[in-house]
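Going by the order they are written in, the chains are A, B, C and D; count residues from 1 in each one.
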Amino acid sequence: MSKNSPVRLALVGAGRIGSNHAELVARHVPGAALVAVADPTPSADRLAADLDVAVVEHSAQALLDRTDVDAVLITTPARTHAELVVAAAAAGKHVFVEKPMAVTLAEADRAIAAADDAGVVLQVGFNRRFAPGWVAARAAIDTGRVGTPQLLRSVTRDPGPFSADPARIPPGTIFLETLIHDFDALCFLNPGARPVRVTALADALIRPDAKAAGHLDTAVVTVEFDNGAIATAEASFSALYGYDVRGEVFGSGGMVTAGDARATDMTYYGPDGIGVDTARRDTDLLRSAYLAEFVAFTEAIRSGTPAPVTGTDARTALSIALAAVRSASTRGPVEVADVLAEVTA
Amino acid sequence: MSKNSPVRLALVGAGRIGSNHAELVARHVPGAALVAVADPTPSADRLAADLDVAVVEHSAQALLDRTDVDAVLITTPARTHAELVVAAAAAGKHVFVEKPMAVTLAEADRAIAAADDAGVVLQVGFNRRFAPGWVAARAAIDTGRVGTPQLLRSVTRDPGPFSADPARIPPGTIFLETLIHDFDALCFLNPGARPVRVTALADALIRPDAKAAGHLDTAVVTVEFDNGAIATAEASFSALYGYDVRGEVFGSGGMVTAGDARATDMTYYGPDGIGVDTARRDTDLLRSAYLAEFVAFTEAIRSGTPAPVTGTDARTALSIALAAVRSASTRGPVEVADVLAEVTA
Amino acid sequence: MSKNSPVRLALVGAGRIGSNHAELVARHVPGAALVAVADPTPSADRLAADLDVAVVEHSAQALLDRTDVDAVLITTPARTHAELVVAAAAAGKHVFVEKPMAVTLAEADRAIAAADDAGVVLQVGFNRRFAPGWVAARAAIDTGRVGTPQLLRSVTRDPGPFSADPARIPPGTIFLETLIHDFDALCFLNPGARPVRVTALADALIRPDAKAAGHLDTAVVTVEFDNGAIATAEASFSALYGYDVRGEVFGSGGMVTAGDARATDMTYYGPDGIGVDTARRDTDLLRSAYLAEFVAFTEAIRSGTPAPVTGTDARTALSIALAAVRSASTRGPVEVADVLAEVTA
Amino acid sequence: MSKNSPVRLALVGAGRIGSNHAELVARHVPGAALVAVADPTPSADRLAADLDVAVVEHSAQALLDRTDVDAVLITTPARTHAELVVAAAAAGKHVFVEKPMAVTLAEADRAIAAADDAGVVLQVGFNRRFAPGWVAARAAIDTGRVGTPQLLRSVTRDPGPFSADPARIPPGTIFLETLIHDFDALCFLNPGARPVRVTALADALIRPDAKAAGHLDTAVVTVEFDNGAIATAEASFSALYGYDVRGEVFGSGGMVTAGDARATDMTYYGPDGIGVDTARRDTDLLRSAYLAEFVAFTEAIRSGTPAPVTGTDARTALSIALAAVRSASTRGPVEVADVLAEVTA
């Protein structure tokens, strides 16, 4: 790897998570350089100034047209991801796209095909796969110490209090954007197994007033896998104690757990008992995971090897999410095969 | 309380758990005396000898006919519980019955009515309610620190490896005898709320060969409550690391967790990392809980106050278990109201 | 063991710790009965009434004169322990004496000799030896997993805020009554090794105004053992977070730690982070240890086997404490052999 | 901060820790560039090649003579540190020097004076000050939640088994190179207080055969501060379970602890109980601390503000270490003032 020719990365989407990613890529990823930022709003200019990035574009296409960009990080709203992946691939750019890669299977297939056709790296932002606890859990599974997974659990709770306007959150978001992490994590922690059947329970417990408009903020989803394992994914939009991400795999040989809400290894003992600070943001709790996924993306580009999280992985997680969306409304189990059959129909 | 007139307790059923309970009652419960043991097998004689109990009977009825017994602990096989409760109440004995109190709602109703009619204390062996972590969790909920419960979890995993003969385990056992603990714990941790709908997934992952005969050894059950809370109960018959009982309540104000598989506060650091011993048996992990429930039972008898866990609590947990049994076969959600309606039909 | 002939125990000293012990012995120790309570104050009557104990004496000797008492628990002020051990042994009573057994070596020797001469069991109240974490730590050491102990630590911090009148606390108390626990624990966790040299640092940091009168409330004592191990014992009279007792043994093969200030396995997650309740009193944190030592004492009496913690153990711990008292004033290391030599001089 | 003009850093000393630091600085510190490596051995060439560093020098002076270097990281053997600080300052370079900055007070004074005279930043590698747990502990102390520190503890145990040749380790190393971290950490965690008196116990417990030659591998040092606090620092050269670094501050208001040997938040539950992996190397356990100190150094240079850990801090820690060296041989307490007085004599 030569510093003389870093991978030239550009960011598309300068919002909260885009800014986080840009900072990591600009400053902390060896062999990578952040060379451009695109966003229709002035946040692009501010972010570029903060990070000494010379090029600012106000449209994604303008950025994709540039010849001095090797790869893009797509951190725009979820519904725009797939079309941007297709456009980026068409422009010959390697692509890191935040989850979800797509919100329909047809979109997902187009995105995957576009990357395949262009021969570019396509990596999806499933950060659990790079978090040290999850990496170690998977390693324990791979060594056989857990045996055959039988019961799995994955939890994502966003830090509260919930203050967003539910009306601005598309229906299905809790499945397609939040639990999609857990669906992928469950597949990652049950290697080789395929999801078969999904049952979802969801409600608007935080903002019951928004339920009539289709807003769901709390959900429990069970996923049955073809190796018999039964998994539970659970999400809430408002954990008052901070960001809470955990995984658990129970198998014929033992159990692994991953995830810890505590912020540091400092513990305070005082008149009210023992206290530990929690991480308030995903970008704090999972910082090393974010960093590792960008390092891996850069390495995949430089080495020509496949991305460690592929479009196919994203499609599998999406198939669970779509089954969950349907199950939440039908109130019964949904076969993943039925969901998959429709796209090919 | 006078030591001169202890509550005279008798044990019905001198198996593993009966022997545990007898030892606790005989030696560690102030104000109680174990005065008789009944079991058709020689284990009654052995246990009585071990504990200096003078009276041995080889039938339950012979024991119930005695006038020198105030109360009975019923620790026979589950299917016999309800009829023994009825008989004991008819004999004017106070009753502590191990879970499940009954395996049908009709039985449950007869047991409750018998105790009511006789004016005896009827307490059911839901030990979580007496475990210090669960007591503290409930106290935190009662103070309002957790807010309204939204997501709950209760786990019971029996220590492995599983070595019983599945053919000798009645169908439905994982719901009626194991998860019944979790169903009650979920109600205990969601005070005032009623279970509405149950969805169960269950399989024979430990002994797949026994599945055809109806044996289920692994299960995940979701329970929806009338306050919107969504709960998950999870069980396995074979945790290689020991007995694993945990609870979690996430609410609008925070979260409480209870349960810890570790055996003591000793930690070992060695060449393989950090190691902690686990409790291998329920009678170790929950010893203080067992003891506390017998202290409470004795107190209820002496003070004339209601038992802290009633036949009605047992009936509620049973209604969830029966809904789970049905859901596991129909593969869809089951309304608790439908299950309850049948008994009155 | 027959319930028909329990060991008849009597309590001498109905203060805080005596009342705790009396309750445990009266209600929770199989094969033991609390038959009498002696104390010059009305607390004897109150305690006896609470526990249904028929006999109250207002002097120790009156109690020792009784023929219906097999053994005594001595929980009077520390300075009176040794003479009461001697008197009890002379009366043919088995003796459980709270730590310290004695505050001078001459006293210790008289107490040991009296028990030996009378052939009675003499057990000293070093409760750490019965706490599950310490028992497990010692077991790990005995299996060789820790290797040769090299660095040890024992901590005792009493719950604060400190509210006693320092003028009523005899000089040397932090060494003779508090750290004596740690000195014994260090010997227990370094089996077979002998203390060689002691260096003590102590101050009045909680009540500096009381220092001139000789009151010390904070101390750090290092103890060098003849196997090379270097140990640290640390005490404070005022831990605002509760009672804090911990042990650590680092050796050539690994490390064990024991002790945990948390009260239960309940954890609360809220807006201020993660919180755990602590045990506020020794009688809560070490309840099972207290109980176990009385069970062991009763068993030693019934079985005729030696006590698990002997007068000789107490003498060893005392020799360290006396060396620490001297070191705290001389500000330099004190040889244990020099302390021991004086008693025989 | 402009990426166009990064701080140009050069490494002096391409050994194990130097290579670690070089990698962090080269790849992960915003606003810094590693532009040169100096070492008399071929390791300089290898490291430079690995990190795409163009300039290799085989003497420190050659590197200091370069005009294209702004600052140096000194990671040579400890005995050479001070003279290199002086030389670097004389050459106008900012200096980050690994601990210890010096091994005599005279050297320390020359190093501090040289940096002052040259107006360059001088930062010393006390990494605990940048570890998240220690930062949080200090923050808790600064808010007053711990009250006045009364009892402190700092532990450093190097991962074992110890395999170095003791003959190649200079006498005093455990104090001057290992415990120097703890001495500084104790000062950091007792802000505003000054060390007064030091008592050291040290031995060759790991390699008793090397003791005659002056090699010490295990030590316990007490440090008394002018605010009354009594601190213990403890070190071993061979912890079989990995790298173990912990801190504890007990005060009038509560306690804080920092440090955790576990490697990730993954926990494994298996037939042998609960297991957690430990970090085997300082460069793993404290990676974020190392990184943070280089970020801080770079920031101090760019902003012209003082280094967060100064030569004066290093001198204070050194004064404790020198007192410990003396105490270990005299077997009694040593006044820090006496040590300090000699340098000015």
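Note that a residue touches a chain if its C-beta (ideal position, glycine included) is under 8 Å from a C-beta of that chain, and two chains touch if they have at least 3 such contacts.
In this text the structure is predicted, and so the values were computed from the model without any measurement.
Engineer: With chain centres set to the mean of the C-alpha atoms, which chain is at the far end from chain C?
Structural biologist: A
Engineer: Counting C-beta pairs in contact, which chain pair has more, A-B or A-C?
Structural biologist: By number of C-beta pairs in contact, A-B is the larger.
Engineer: Measure off the straight-line distance from the CA centroid of chain A to the CA centroid of chain B, and report it in whole Å.
Structural biologist: Result: the chain centres lie 41 Å from each other.
Engineer: How many angstrom lie between the CA centroids of chain A and chain C, rounded to a whole number?
Structural biologist: 56
Engineer: Provide the list of chain B residues touching at least two other chains, using ranges where the numbers run on.
Structural biologist: Residues 239-241, 244, 253-255, 263, 269-271, 277.
Engineer: In their shared complex, at which residues does chain D touch chain B?
Structural biologist: 239-242, 244, 261-263, 269-278
Engineer: Taking the complex as given, what residues does chain D use to touch chain C?
Structural biologist: Result: residues 147-148, 150-151, 153, 157, 199, 201, 203, 205-206, 208, 218-220, 222, 224, 228-230, 232, 234, 236, 238-241, 244, 250, 252-255, 331-333 of chain D touch chain C.
Engineer: Which of the residues in chain D end up touching chain A in this complex?
Structural biologist: Interface residues on chain D, with respect to chain A: 1-4, 26-28, 30, 52, 132-137, 140, 145-146, 253-260, 263-271, 277.
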